[in-house]
Structures are given as C-alpha cells and as structure tokens.
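Next, two complexes with chain A in common: one pairs it with chain B, the other with chain C.
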Partner chain A sequence: MKNRLLPTVLFALGVLFLFFPILIVAPMSFSGDRFLGFPPKSWGLIWYEAYFSDPVWLAATWRSLRVAAVSALIATLAGTAAVVGLSRFSSRWRAGFTGLMLAPAIVPNVIIALGIFMLALRFGSTDSEVTLIFAHAAVGLPFVVMIVGAAYRQTDPTLEKAARVFGAGPLRAFWTATVPPLVPAIAAAFIFAFFVSFDELVIALFLMGGSETLPVRIWNDLRFEINPTIAAISTFFVIVTALAMGLAEFLRARATRRQGNN
Partner chain B sequence: MRFSRRFPLVPALVLVLAMFAVPVAFVFVEAAFAPEFSLAHFERFFTRSVYLTVYWNTLFVSATVASICLLIGYPMALFIVSQPVRRRPLLLFLVLVPLWMSILVRTYAWMVVLGREGIVNSALQWTGIIDQPLTLMFTTGSVYVAMVQILLPIMVVTCYSAMTEIDPGLVRAARVCGASPFAAFRRVFLPLSLEGALTGWSVIFILSMGFFIVPALVGGRRDVLLGNMIVNQIAQANWGFAAAMAIVLLVSTVVLLAFVRLVAARFLYSPREA
Partner chain C sequence: MNQGRAPVRFQNVSRSFGSVVALDDFCLNIDAGEFITLLGPSGSGKTTALNILAGFDRATSGEVYIGERAVGALPPEKRNVGMVFQSFALFPHMSVFENVAFPLRMRRVPGPEIRQRVERTLEMVQLAGYGPRRPAALSGGQRQRVALARAVVAEPPVLLMDESLSALDLKLREELQEEIRRLHREFGTTVVFVTHDQGEALTLSDRIALMDAGTICQLDTPGALYDKPASRFVADFIGRTNIVPMDDGSHVSAVGLDAAPDKVVALSLRPEKLTRSPGPSDVRFDATVQDVAFRGATTELRLCLASGLLLRMSEPRSGALPLPARGETISAGFARQDATSLYE
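Here is the complex of A and B:
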C-alpha cells in the first residue's frame, strides 16, 4: 500500500507545482481591491473592465491576434508544402534541409531578434507589422514541419500514386489523396504556430518600437509595477488558450488514431 | 520537371533564409567586423570580470535548472509510464496544460506569489511564523523556482516518450531471471531511458541559456544572465558587443552540448553494445 501511495502523492505535488501559477492568478483576477493582495478582500470584475476599456491594451491585443493569425497562416502553408517537398529529396539533402528548417526552434530568440532588428534597421523596415509577421512565421515554421512531417510520414504514398494512375493531374492527386488525411495535423500545426507568435516577446520588443504587441505591453507594464490588469488578461487568455490547445490536441489525437486503424 | 517536383520546398526555404539564416549570419558579421575585422568585442567580453561572471552564471544556472528538472521530471514520467495505458493520456495532459500559459504570465504569477506583499509572506505572517516579510523576490532561489516551473513539462514529455519506447518485456524478463524490482530498474530500464533523459536535459539547457524574462522580472542584480545583457546592450544600441555576446551564447551552447553527447556516448552507451 505504502509502495503505491508515495509515488502518487509525489506526482500530485509535482502537478500542483506546475499548476500553482494559474491557481494563484485566476482568483487574483476576480479581486475587487485596488491593490494586489492575497486572498482578495472583495470580489469583482474591475480588472476585466479595466482591460476591456483601455484602448492601449486592446490595440496591443488586436495587433497580437492579427500578427499571430497571419504569421501562423504563412508558417502553416510554407511548412506543409516543405514537408511534401522534403520527401522528394535524397536522404542526405533531406536531413540538411530539415535541420535548417528546425534550427529556428533551437537558436535562442534573442539572437534571431538581434539579427532581424539589425537588418531591418538597414532596410528601414523596423516598426513594421509585415517584418514581424515574417519573423514570427520563421520561428513557427519548425513546429509545423515537426507536426505535419510526423503525420505525413504515416500517410500511404500509394494513395497519391493511385490517384495519378486513375488520371488525376499532380496537383489534383495531391489535393484529393494526400491532403485530406493531413488536415487534423495541419490544423494542430496552425494553432501551435499561432501561439508561438502570440507569446513571442523579444523579436517584437526590438522590432516594434511604439506599436506594442500584447507580450510587449505586458513586459513594459511588469517592469514598473505588478498590475492586477495582467491577472485578468492572463486568466482570459489561459481560458482561450486551453480551449484552442485542447482542440489542437483533440485533432492531433484523432488524426493518429485514425491512421492507426488503417 | 525535377525542379517543379521540388518546388514546394522553396517558400519555406526562402522564409528560413531571409528571417533566420541571413539575420544570424549578420550577427556573426556584426560581431567581428566593425567595420574591419576585429575581435575587440570578444576580447572585451573575455577579459572583463563583469561579463565573465555573467557568462559562468548563465552556464551554471542553465545546467542546474536542467538537472533539477531531470530530478523531478524523470520520476514524474516514470510514474505516468507505471500507470495503466488508458490513464496515461490524462496524466500527461495534466503535465502539459501549464505549458500553454505564456512564460510572461507564469513569471508574473511568481511575482505575485513571492513578492513582499505576496502570498507566501501573507500566509507566513498570518500564521504568525514570521513578523517581518521575507525577501523571496529578486533572489537566485526565485529564479530557479520560476525557471523549473516553466521548463519542467518539457522534461516530463521527453522522458515519457523515451520510456514508452522501452519494451516492457525486457524488464519482465529481468524479473523472471531473478532480478529484484530495483535491480531490474537499474540494470535494464534506467540505461534504456537514459538517452531520453539526456535529450530532455539538453533541450532544457538550450532553452535556459536563452532565458531573459525570468531573471529580469524575479531575479536580483546578481542573477543577470547572458540573455539579459544582450537585451540591455541592444537597448543601448551597442550592436557589435551585443552581437559578440550572442555569438558566445550560441557557440558555447553548441560546443557544450556536443561535449555532453560525446561523454555520454563514451560512458553511457558503450557497455550496452559490449
């Protein structure tokens, strides 16, 4: 008995440690006090009101959502196409290109940010959402290549060949035979790439100057005071993220299960 | 025809080259040419004790955080693997959920928890254990706590996926042949899962080397990491020096990991082949 209880308790403690921040932040966000204290003395939605009525916070939020959506779209399209393209190279070239595609996930963002910022200064393209979108797309690309690549390796290449044999053109064969089983993985990859961009701080911090994204706004705020508005924003986005990631995980799990049945 | 078949790779390749490879190459150039070739920035970095202290501190903190994550994460992964297959996804899900919270938000939570007026201090004062608030924020300890909390899920997942690859029949065989449960674990399961553990350690080490949010927000003056110095130098428009530090960061990470792999290959894996 003792042998089974102890590991369970230790695991539960580990999980509790991991959940600790959100268990703290969520109640704080419903505090009705002017100042941060725990537990809150009164309850209310004043910090949510503060967030949803502040044009600076809202502008940063919309900018982040916009940048994340477009950069995730670019990363997903380019990454999915790349997975298909990579399969047509000899193994040595494939390994090299795959390494290059995955590298942005390994090299610290600070270094990428510095390089992009210095180049952008030279070309006068700082403070530009377009530059930021492409930079985030490059950082999100490795995750798309990993997620879609794993699903692609499990697909059956004879399907596409069969479509060709029955007279479909290369594009049509690809679109009707290869893409459908990949859709859940592609959707999951999009959601991952979205959150890579949505959370990214350091590239946006250097590049964007006056027009802050949400992480930059939070960062600038946190350095001077601990503002309960951030608790409200955090809780709000943890809920949104949990829903989105739950969906991504569900799609991914369904994709692997479906392929496992074949 | 040959090119058109390989064309799908082109957009991603252009993206990676333009927004990653060229910028990183440009960092190398900026660090060593100002405007002519010179290693002055590197010399400055490696001869001033201020920078060297931060450099060693970054290596030390990253290795420590990775090791703490391994010590906590490996047993957690082991626990999940020891459970019935049907229950595993839920347990793994519990470990992964915190990963969806942005690093900024999780750091903010630790600021709330550890601050002077924070939860730990309020609780301790309320129960009468202490009279004066303890200084928990802006200490090295708070940096470790926050970094481990942020990176631990990655370790658990890496160890877990390595452990699921191990054939449970091997452990059973060891038991049948008379090994005690502990001996079966140590002689069979542990060596087979070490590579996954090492991968987890390496990933966390890499990620820690680039950290700057946590030390900047919950660390004190002495907890500055290389990432913070790079950000500060960029803020002061010292491009060349910032670039040189970025190169030192990148190269030390790569060299150290290559070294760890080499040592591991030498001492961990060779007995298995023998």
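Here is the complex of A and C:
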C-alpha cells in the first residue's frame, strides 16, 4: 500500500494542475458581480444571459463554428486520402510526405500565421474566412494523418484483395472493404481537427482583423475590459469540448478494439 | 453441382522482382475439378504463382488460362475465382451473413436467392444460424469456415487457397482439412491450394507440385511423390527420410547394398521401411543403437553404421521384439525395392 501512495499523490497533483484554470473559471462564470473576481461575492446567470444576447459574441461564435466545421471537413478528407494514397508509395516517399504533413503540428503557429498572412497579403485575401479555413485545415491535417494512419496500419490489407477477388472493382472495394473499418477513426479525427480550429487564436489574429472568431473576440475583449462574460463562455465551451472529445476518444478506442479482435 | 469447373493452365510464366526471379518459366496444367497443391519452402514461388492466378500480380512474361480464357490481363474481379486467405480476411464491419453474401451481391444475384444460397452454404460449413453474428464474435476455426463459405457460395469454377489453415492450431487444422475435402467432393471445383506444410499437401491433394527456386521439382500424386522422389530435395521435403549419399560407396556398403549405377547420387530410405524383424527384409546390416525415443504410436531408434552414417528407424510399438538398449548392436534390414535411387 505504501508504495502506491506517492504515485497517487503525484497523479492527483497533476490532475489538479490541469484542471486548476477550470476550477477557477467555472465558479466565476456564475458570478453576480459587475467585475471579474475570485471568489465571486454574489451568484447569478447574468453573464450567460449577456453572452447569449450579445450579437457580437454570437456572430463570433457562429463564425468559429463555421470555420471549424469546414476546415475539419477539408482536413479529414485530405488527411484520409493522403493516408490511403501514401500506403501505395514506396516507404521512402511515404516517410517523406508523412513528415511534410505532420509539419504543421511542429512548426509554431505564429510562423505559420506569418507565412500565410504574407501570402494572403499578396493575393489580397486577408480578413477572409476562406483563407482562415484553409490555414486551419493545414493545422488540423497532422491530427487526421496520425489518427487515421494509426487505424489504417491496423487494418488487414488483404481485406481489399478479398473484395476484389469476390467481384468488386477497385472503387467498390475501397468503399466496401477499406473505408468502413476506418469510419470510427475518421470521425474521431474530424472532432480533433474541429477543436484544433475552434481553439486557434494566433493564425486567426493575423488573418481576421474585422471579422472576429470566438478566440479573437475573447482576446480583444480582455484587452479593454475584464468582465465575467468570458468566464461564462469559457465554461460553456469547456463542457461542449469535453463532451465532444469524450465522444472522439470513445470512437477511437472502439475502432482499435474492433480491429484488435479480428 | 459440378457445373462450371474449369481447368487452369500456366504457360511459361515468369515473374521477376528486379534481379530476383520468383517464378522461372513456370508451366502447369491443372485438370478441371482437380485438387492441386503448390508445395514448397518460402521463396519457392508458390505464392507468386497464386497471386498471378488471382490477379494480384502480373507475370513478367507468359500467360495464364482459366478454362479457355487467357486471364493474364484481367483484374481480379473479372476472373470469377473464389479465394480463402491465411488471415481469413473477413469484413469486420459486416455480419457473417453479409460476408458470405458479398460475392453474390457483387454478381447482382436477386435478394431471395442470396438468402437461400447463403443459408445453404452456412449449413454446409456447419455454421447454420451464425448469420447475424459479427466475425469478431467467432473462434478462429469458425472464422475460417465463414471464409470457406464465402469462397464457395458463388460456385466459382476455380477455388484458390493461400496457406488457408496455417493460422490455426493442429486439431482445428485437421478438422478443416476434412471439411475442405468434403467441400471439394460436393462442389467438384478445381482447387489450387498453396502451403508449405507437406503433411497437409499429402492429405488433401490429387496431385502436388513441389516447388523450389521458382520452378516445379516434381509434379505427382502424393503417393508417388512419397514413394518415388526424384531428387534429394523432394525426398527430404516430403515426409522424413534417411539420405544415404553415394560418395566413395562406404555408406552404401554399410547398409548392405552393392554400388548403384553411375548416375545415382544418393539413396533414400524411409525410417518406417527399416525393420529389426528378420523376416521379409532381403538387405541386412549391423548398427549400434545411439538413442531410443518414444513417439506415441511408434518408437524411433537412432542407428549408427560402421561407416559413421546415422539412420533414423521408426517401428510400431506393437512390435514383437523387445526394445534394444542404448549402445547395443542390432541387426536391421529393409526390402531392396524400398531403397529409392536419387539422381540429383
């Protein structure tokens, strides 16, 4: 028993450290005070009301959801296609291209932001949701390649051969034999890519001057005044994110288990 | 159910990967309805030949015929063959029923007929009622039965089996061997079976093509391959045997034989052809017993001859003679015709 105490304490401290911001922010969001402070002196839902009735906040929220959804869709399609396509390459080319696709996860976002910003200036496409969508798709791509790639490596390559022998053409075999076992992983990858975009501030700051995404709105808001609306928004999205990430992890684990059993 | 079985012909098929020749001017005529096994060690070209027949690989030169049709340029889905894979290759997201129905759906067989044929085939592999289950919920043997059902459900004229039983343990393997023999009798399909397991090949095949280095060393019935191996490689690969090399003739005279004709390079003596009983054997020799090993139904003796040659001898345990002790000198013998001459 004694030798299990230390790991338990360390684990608890680790979890506390990770959850500390949430433990502070969540109570503050239910504050009835005019200003951000901890602990709140009175309680209420006024800041949630403020959020849901402010057209500027809501516009930013919708914009973020839109950008996240479309960029995640692009990243998922491109990433999945890349995983499957690269498996047909020789290992040298595959390693090279995979490295290239994982790069956005390693290169600091500020560098990516600067690069894309300069490129966008040239084409006059700054302050555009389309530009932001493609930038976010690039940043989400590594997660798709990693998640779908791991699932793909576990699938049996003879499945596609079997489909062919039993009468399916190349496309049919791909859709009936290769893709279905990957669906849970693809869904999980989409959710990850979605939140990569939804959380992203730096690139959006560079690209979106006039039309703010939610993180940009929060950033701009914090610079001028500190009010508990932000705590309410944060809490709301922590809950939404936790649920979605839980779902993604569930799908991923189920995909692995199913493959493993076969 | 014997309609639609086809002969298969490999005509001068070669396949090389860079400088490696996997299949070298490979020729093989397989009769309609025949069960033929491509047997050989890994790298012998047996899997390459099967892949070329299935359409997963293309010959560098030569042509393959299924029936009268040259299929070398056709994709796998146009060849109308069935196949059982070593890894089962069942679709994990489909039920057992849908797995077996797959070849029929691809051939656009109408729904009611699909149901009927799938159920009948599942019955044939003793899996009636397993239709709604997922492959993941089945044991290894059951999965391979599903794979068998899927391979035969569309009654393809040719059935390919790629190391189909190698992933299973011994008991299941023997069980499924019987099942495969029965299915072959019932469907009468031409079967091309690939394995490295000589026991399996002997049990299942009408004929065996023993392969090495991309060519066929010997093509014969299991009995002929066992009794009349053409070369040292064949004698050694099929069953267990004692090779008595010619060399200077000392080993041959140690087993009591005269020097053989010039072209013979060695003799093959099966362990079970050696006997200690004085009766029918017309060639006799003396040997020292090095070891006595219990093998269940048989006892195996290791004998050392005067020339230094080691021989394995296998005798039934019901033998009348008491077992010799280690180090004892015994007299043993064999019938002259059981010493097979090997020419290479």
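We take it that the second predicted complex is superposed on the first by the 258 of 262 C-alpha atoms of A that agree within 3 Å, B and C clash if a C-alpha of one lies under 4 Å from a C-alpha of the other, contacts with A are read in each partner's own complex, and residues count from 1 in each chain.
The definition used in the following text is that contacts are C-beta pairs under 8 Å (C-beta built on N, C-alpha and C of every residue); 3 or more make two chains touch, one makes a residue touch a chain.
Everything numeric in this text was worked out from a predicted model, so none of it was measured.
S.K.: Overlaying on chain A: chain B and chain C, fit or clash?
M.R.: fit
S.K.: Mind telling me which of the two, chain B or chain C, contacts the most residues of chain A?
M.R.: Between chain B and chain C, B touches the greater number of residues in chain A.
S.K.: If we overlay the two complexes on their shared chain A, which of chain B and chain C does A:161 touch? Say first, second, both or neither.
M.R.: In the superposed model, A:161 contacts chain C only, not chain B.
S.K.: Using the touch definition from the top, say if A:176 reaches chain B (first), chain C (second), both or neither.
M.R.: A:176: touches chain C, not chain B.
S.K.: By the touch definition at the top of the document, which applies to A:215: first (chain B), second (chain C), both, or neither?
M.R.: first
S.K.: Answer with first, second, both or neither: which of chain B and chain C does A:141 touch in the superposed model?
M.R.: first
S.K.: Considering only touches as defined above, state whether A:149 meets chain B (first), chain C (second), both or neither.
M.R.: After superposing on A, A:149 lies clear of both chain B and chain C.
S.K.: Applying the document's definition of touch, where does A:77 land relative to chain B and chain C: first, second, both, or neither?
M.R.: In the superposition, A:77 touches chain B alone.
S.K.: Looking at the superposed set of three chains, what is the minimum CA distance between chain B and chain C in Å?
M.R.: 12
S.K.: Contact residues on chain C for chain A in the complex?
M.R.: For chain C paired with chain A, touching residues are 54-56, 75-77, 79-83, 85, 87, 89-93, 102-103, 106-107, 135-136, 150, 154, 160.
S.K.: Which residues of chain A touch chain B in their complex?
M.R.: Touch list, chain A to chain B: 7-8, 10-11, 14-15, 17-22, 24-25, 28, 36-38, 74-75, 77-79, 81-82, 84-86, 88-89, 97, 100-101, 103-104, 106-112, 114-119, 134-135, 137-139, 141, 145, 195, 198-199, 201-202, 205-206, 215, 218-219, 222-223, 226, 230-231, 234, 237-238, 241-242, 245, 249, 253.
S.K.: Can you list the residues on chain A that touch chain C in the complex?
M.R.: Answer in residue numbers: 156, 158-159, 161-170, 172-173, 176-177, 180-181, 183, 258-259, 261-262.
S.K.: Please output the residues of chain B touching chain A within their complex, sorted ascending.
M.R.: These residues of chain B touch chain A: 5-13, 15-16, 18-27, 30, 72, 75-76, 79-80, 82, 89, 91, 93-95, 97-98, 100-113, 115, 117-119, 122, 149, 152-153, 206, 209-210, 212-213, 216-217, 227, 230-231, 234, 239, 242-243, 246, 249-250, 253.
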